[in-house]
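There are two complexes below, and they share chain A, which is joined by chain B in the first and by chain C in the second.
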Partner chain A sequence: MLIPQKHMNLELSTIRVTSVLIELFKKNKIVSYDFTLKYLESILGRKARYVFIDSLNILFLMGKVEYDIKKDSIIYIEK
Partner chain B sequence: MNTFHFIDLSREEFESMVNDICRSILGMATISFSEGKDGGRDGIFHGIAKNFNGYEGKFVIQAKKTGKLNASCSDSNFIKIIDEEIPKIKSLVQEGNLDYYLMFTNRKLPGIGNQKLIDNIKEKTGVKEVYIMGLENLNSYMDDSLISRYNLNKYREPLRINPEDLKSLIYEFEKNTNHIVNPEFVNRIKAFDIEKKNEINNMSNDFYKEVILKSSNLRFDEIDLFLQDPINEEYNEMYKEVSSEFQEKIFTKLKNVKFFEENFDVLYDEILSKMPEIKKRSLIRLFLHYMYINCDIGKSPVMEEEKC
Partner chain C sequence: MKLSRIYSNKEEIFNSIQFNDGFNVVFAEIKHPKDKTKDSHNLGKSLLIELIDFMLLKKTLTSHFLKKHYDLFREFEFFLEIKLNNGKYLTIKRSVERSSKISFKLHDDKYQNFSNLNDSEWSINNEPFLKAIEKLDLYLGFDVCSEWSFRKGIGYFLRTQKDYQDVFQISKFQSGEHKEWKPYLGRLLGFNDKLISEKYELEKDKEKLENFKKGIEEKLYNKREDYDKLQSLIKFKESEIKEISSKIDKFDFHEREVSINTNLVEKVEKEISEFNNQLYNIKYDIEKINDSLDRKINFDLERIKKTFEEVEISFNEKIIKEYEDLLEFNKQILTQRQKDLKKRLNELNLEKESVLTKLKNLNMIREKNLETLRKKDSFDKFKEYQKELSKTEGEIQGFKNQLENLNKVIAIENEIEQKEKELETVEKQIERCINQGTEIAERVKERFTKIIKSVLFKQALLHLRINGEGNVEFVADFYKISGEKIEPTSESEGFTHKKLLCAAFDLAILIEYSNNSYFRFVYHDGILEAVDPRKKIIYLDLVKEYCKTYNIQYILTAIDSDLPRDENDNLIYFNESEIICKLSDEGNNGRLFKMDLF
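Then we have the complex of A and B:
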């Protein structure tokens, strides 16, 4: 998932998608799940949705985001 | 069991090889007939067969080569061939020129079907004995001298590839591709020194220009888009597995090929022999050419300090 491969579109790699999400979260500390996905697709195209969850997982594992189940939103954690 | 690619021999070579086999199993007095109307005979032997049950009499040798992979003696077209031979055999028997009839073919030989064919020939012609020698028999008759004379050496080792992944890849690709060529991709081959790659791999210029550039090249962008799509990650992995397997086989089992394009033929035949159900056969070649152009198979100019 994270390792670059020869036959891959770098624009749709998890690293690239994650970077787009970070840009969004830096501007908006709490973003709804739906909006996050739509924003991502508006920047990188519809195919980015297949990498979306992987990228959110990376940010969660790094302690950069949390998920608010009641608001169905992503919360950016700034340290 | 080793299987030789008799399919790559010409009809004349196959007939000559069969007569050479008969020289060793019947005797040196085996006479070959030249091309043309053979009257149902490609060779004859009169006398005592030294390595063939000690039979004595008049032997007629017939060779029937097929160009079809996985052909069997129980196929309807072979039964038709036998039916066409029956009047000739009958006539030779009646003239007193035939006691033992030996038919050699590079088709697989099923036990039950074989006996039915033999009984049919015997019943309709009155010939004393009939032997049908299929692919399995031919393989067992191969010795070093025959292998080298008919250049069958390079095919001695079976490739043992598993094209299951390639089949899934091809099916999925065909289902999802839109056949729309993106002009941005068409000149992608220029991205590295393909001439250098062709040179170090001994790819003939004619094959590269007439086959890869003129036909396959038009669809390389579709494979690119397919493999790069994140939804196809699973197929991208399959592609990697398949190409690395082919690459290994090319360097270990196919070292003796003269031109690189022969690798495509051998791999194509091997894939089809394992997966004859693949309908879009042209896609097998397309993927093989794509692997070559992308330096996934063959020597890469990277070794020569060129980017690939």
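Then we have the complex of A and C:
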């Protein structure tokens, strides 16, 4: 995941996926779960979905995103 | 009126014939009895009677020998001199080529030859045919049956071989209607011809009415007894018309259409649109949820732990959340989210069903309203009323026509009834007249019976009776009298006896009117053929006597085998003076027209 490894595909690394998500959230403060996933897949391909949750987890740990279960959306927290 | 002379412009072909005032014979003799190639027929005996008929203004038919052999006779002009009852003579000129132009010359002396007379010398020149008949009627001046032309009765006095089939209905009346000759004959016997004519007229009128009635009845579907039914039907249908008309008058399309439009547009269409939006949203959400559920990512605790550890190592200072928070975040996203999505999916499906049902109902309402607007209620109904109106009007017209026709039929039936009553009256009158008899009829009957009795020694009666149709019937027949019973015999069925009955009738009439202005001649073609030799003597003697006594001209044609014989079977020849024309089997010279046979 975060720690680089010999066979890692850099295009699908958590750092690369997280950066794509940050770009999306910077433009849209609330984005639906589905749209977020579709957006990611449209940029990095279908395999990006396996890293999607890891990237969201990193952003959550850093306090950058939250999940609104009623709206089924990711909320970006800017500080 | 008697015949005096007949001649032509071609004397060398047709020798003139001068008639005696009394008894005349056109005689054909056989000069070469052993030559079987020749016979005494076809010499022209019968042509003479046809020629006389032509000269007495018979309408020329194509069957007449002058027309049939037009090329042979085209250049002929014939002249017939007749003696009028006032003692004067009249020459009638008629050519074959211009047979419809007749000339007349009145003169005092007999046996004239006017074949070279100039046109201007004729008393009447080239008179058209019908006018010529009128003129001749005036010249003849008959005082018997003068309402008719002389042509009506001439057949009885120019009896050809064909005219011996029936005493009264001579050949020219065979094909016509009885009204053509019965009134004339009735008058000749002194009866009221008007009654006989009236009977025929009434019958004709009745027949016309019956045919007219039949024509109307063919178009009638109802009978007389349906009259009242038809009237009631018309009244009923008229009330129907009133009802339909008032419905049509009250029809307000505008109001109806407007109310339907408002209802449709403002309520139903709006609701449908709202529900459609709702349905669209529901369907969209369902699709989304299904899509999300398809993209299933499983909750992986090891992976979460690993993520936390790696972030802790890499971004230790920046970590804000605890591991437990991360665990909760994952549960929400991966597990709780799916449960909620499924629950929401169920809700949405129920919602979708409800909206679909509502839409279905609303669409039905809309459809119904549209149908009402376009068809059912207003326009269609109006059209229906109009159709019904015109159908009912047509029916009424039909019934009225039927009623009118029934009225006509009833009126015709009344007229027919009236005619029948009149017919009955006329029939009774005719019967009364016949039963009463007339003086003329009595005398004619008596003479007729006497002639037959004298010649044949048999009882023959001439009488009138009413036949099954109520018409006058003239009967001349042989009878056998046994006691008080009179029975007809079948003797008149024989041609010879029938001929003598005809001759007796003609003579009886001539005698009756010998003092009047009427025909005073009779021409009997071949009267002696096949008659018993002894009867011939008696008959000829009787005829000659009548000629003298009653001033009658009698003309007969005979061949030498017709000559009478005395008791020793010797031929009794005619006097040379009696023979007005002698024909023979000596080639062309022996014929009436001295030309080859045609």
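Just so it is clear, the second predicted complex is superposed on the first by the 79 of 79 C-alpha atoms of A that agree within 3 Å, B and C clash if a C-alpha of one lies under 4 Å from a C-alpha of the other, contacts with A are read in each partner's own complex, and residues count from 1 in each chain.
Everything below uses one rule, namely that contacts are C-beta pairs under 8 Å (C-beta built on N, C-alpha and C of every residue); 3 or more make two chains touch, one makes a residue touch a chain.
Bear in mind that the values here come from a model prediction, so they are computed numbers and not experimental data.
A.B. asks: After the chain A overlay, clash or fit between chain B and chain C?
C.D. replies: They fit: once the shared chain is superposed, the two partners occupy separate space.
A.B. asks: Contacts for A:L56 in the overlay, against chain B (first) and chain C (second): which applies, first, second, both or neither?
C.D. replies: second
A.B. asks: Based on the superposed arrangement, let me know which partner A:S19 touches: chain B (first), chain C (second), both, or neither?
C.D. replies: Neither chain B nor chain C is touched by A:S19.
A.B. asks: With both complexes superposed on chain A, which partner does A:D34 reach: first (chain B), second (chain C), both or neither?
C.D. replies: Second partner only, chain C.
A.B. asks: Given the superposition on chain A, which partner contacts more residues in chain A: chain B or chain C?
C.D. replies: Between chain B and chain C, the winner on chain A residue contacts is C.
A.B. asks: Applying the touch criterion given at the start, work out whether A:I3 contacts chain B, chain C, both or neither, answering first, second, both or neither.
C.D. replies: second
A.B. asks: In the superposed arrangement, does A:S42 touch chain B (first), chain C (second), both or neither?
C.D. replies: In the superposition, A:S42 touches no partner, neither chain B nor chain C.
A.B. asks: Give one of first, second, both or neither to describe whether A:I69 is in contact with chain B, with chain C, with both, or with none.
C.D. replies: The answer is second: A:I69 touches chain C but not chain B.
A.B. asks: In the overlaid three-chain picture, find the nearest pair of C-alpha atoms across chain B and chain C and give that distance in Å.
C.D. replies: Minimum C-alpha separation, chain B to chain C: 11 Å.
A.B. asks: Enumerate the contact residues on chain A facing chain C in the complex.
C.D. replies: Touching chain C from chain A are residues 1-3, 14, 33-34, 37, 49, 52-54, 56-58, 60-63, 66-67, 69, 72.
A.B. asks: Mind pulling up the chain A residues that touch chain B in the complex?
C.D. replies: 5-9, 12, 47-48, 50-51
A.B. asks: Can you list the residues on chain B that touch chain A in the complex?
C.D. replies: Contact set of chain B toward chain A: 224, 227-231, 233, 236, 239-240, 294, 296.
A.B. asks: Which part of chain C faces chain A closely enough to touch in the complex?
C.D. replies: For this pair, the touching residues of chain C are 288, 291-292, 295, 297, 303-304, 306-308, 310-311, 313-315, 318-321, 325-326, 329-330, 332-334, 336-337, 340-341.
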